[in-house]
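Just passing along the structure, written as structure tokens.
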């Protein structure tokens, strides 16, 4: 290769790189919307075909990107790096599904959402969040344990009060745990709630004690994040 | 015009200005209540007529205000300013609806609520909120993206767990997304909730991870606001 | 009166005062429980009589307290003071009800809960809360207005999206407002929720914008309170 | 005993100690899962037997631990210490249940969850939480009272508005109190909610006033915790 050709090829690689950097984030979002639409029931044949075509096109571009990265970003090192694995996970399910019957690909289809992780290359948020979690690791662990203990005691307590009256809804401690999760996070779906006076009073006590404890880890992460922000 | 007449007219303009400044906020609130009442079903003819009369009176006053502002607050400059556009939007739907049949005015009727934006002239809150959002723009964008990614992963996950058991309620990823919004904001309407053990455990994990992330942008805005307040 | 008798009577007044200070808070709590029990349906005659007897006993003690305060804490000045009015409100409903038929006393019965306000004499919390609200009055007013505007826009928006599909549940803007209150406070009873794609997306947008704004006044009061605490 | 034997026995005690310290936390978690599984309805005979076997094994290990602690950690002093009582509570229900018929052991079974408290030996979280509560005791008491008063007034108010229209759901002030707990903590199960215009407006007012007051104690504990963390 003459120096001229080498120069040209280096320029071309640079151009492909910058083109991929522009196209890939858009294709990730398109791919995610495409996948979401594909789960809609009662789609007619035409729309389903279009959805599949878009998926095939995206897989081709992502495959080209993977091969390109493999060739020009240090083969083995890239292949085993975090983004190398994610880039592979973004296309592998498609190729695996080709050789399998339709039943077993249900889980594989869902692996497509890992393409979202490709986006993490383009955002600082995840890095900052990871730093915030890391700098308050010890607190988070001890308060997570406290939260788990509280959730468990709440779940057992409500099972004790409500099981004799609502044996269908609070059929075991696990149903009590589900109630505890929905209640202490204040989601409150309304699929399970106490009806006995004892159960209601117990809920009141647990909420008064629990809301503070559940809210604390959130506060820890928030304050970590703001102190990391200040350092930047 | 003799200097005397000019003086008199300047004085009159001043008086009209201050009168409008007093009347307009009250009329905005009256107009909003009038609109709300007009949506009540089963109103008798008399009340409906009164509501329309009040609406007509308000449109007349707002029209006078608009013409007055157009004449005495720099014609074209005012017409294309933020408040000029809002003042026009507050009266235009009424005049447009006069020339149209009843069916197509449904959306136009709702434009009346933009009159509320006329109130922003009188409050500092919106300005301060805008400053708070502006000073923490970068953080808000990256955490909004994190929130969107988390909401999406939650939506896809619950669809994976619940669709085989509740195909009616979790019919597509979009139903999963709606569940994720209602759950991670802790609203929890109870129209969609997991019933499988896997889905319930997934909800627990997502809530433990997610409440912190969803709460962070709120914290960012709050702390921005309080630091802006201190500077004042 | 000889100096001796005067001294004795001053001592006795002091004793009655300190006795009342000990008994009254307990009687307030007893009275509140007594009132709550009296609202239970299907009580038998015996229990209902006991409840009435306790109520009569409490009214007698509170009447003695009122007369005592009137005599020994500067007649007219006490009668028109904050606590004088509350002390009167705590007993007046009972005497008024004696001369009235049973139907019209429904509202009067509820006035009994104002006895709780007698407790404010014994707590510093209300005073501190009042100070916290006072020191951040301006902020609270402007953010309360923002919250009201947001609630209104949310209510009108959801009415626009949901009324054509659920005319029973979102029958007017007022139903939309009720939905907005239950949603933006994240209570989410589940009596009203969007079912259309547009309404669900609108809810998502409103929650993302709104949770921050609704949470801000809470944050303002909390930080005011903690700064007041530090000054103490 | 020769010095050699004494040394050997001291070494052995040390070894048993460190072995127990490793096994006991694991057994507590196993015991908790075992108990949870035992509440599942429709378990077949084989699984139920395995669950009972695991329970018996755990009780034996915990009994050995208790006797060991009693012998080598100062008999009477340990027996009446906090952890001594908890260690006894962790095994006593099992032995008591042996001599009783099946009906009366329902409550005893639930005492097993107190084994979780054995875990507190291994965590600093509880200690820190206790310190945080202690250092802001006074504030917590006065705001707890404020919260109770607010909950009561909310409960009585909603009873007043809703009882005439929904006599089944708001049958007494106690039902109103339950509604107040579920609403002011924003759990919102949806088992009880206002349907009258008055009740809905009252809910709006109570939520605007109440969310701030209920959130304050949480904020107090959070800020106490973070200041304790800084001192460490």
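Letters A, B, C and D mark the chains in the order given here, with residues in each chain numbered from 1 onward.
We take it that contacts are C-beta pairs under 8 Å (C-beta built on N, C-alpha and C of every residue); 3 or more make two chains touch, one makes a residue touch a chain.
The structure displayed is predicted, hence computed values, not measured ones.
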Shortest contact path, chain B to chain C, counted in steps: 1
Relative orientation of copies chain C and chain D, as a Cα rotation angle in degrees, nearest 5: 90
Farthest-lying chain, centroid of Cα atoms versus that of chain B: D
Same-site or different-site touching of chain A by its copy chain B, using the half cut: different
Whole-Å gap separating chain A and chain B, where each centre is the average of the chain's CA atoms: 31
Length of the line joining the C-alpha centres of chain A and chain C, rounded to whole Å: 44
Contacts with two or more other chains, residues of chain D listed in rising order: 174, 186-190
Touching residues (chain side chain B, partner chain C) in the complex: 32, 35-36, 39-41, 107, 110, 113, 116, 119, 123-126, 128-129, 144, 147, 174, 178, 181-182, 185-191, 214, 217-218, 221-222, 225-226, 229
Chain B residues within the chain A interface of the complex: 139, 142-143, 145-146, 149, 152-153, 156, 159-160, 163, 167, 171-174, 177, 183, 186-190, 193, 197, 200, 203-204, 207-208, 211-213, 215-216, 219-220, 223
Chain A to chain C touching residues, read off their complex: 186-190
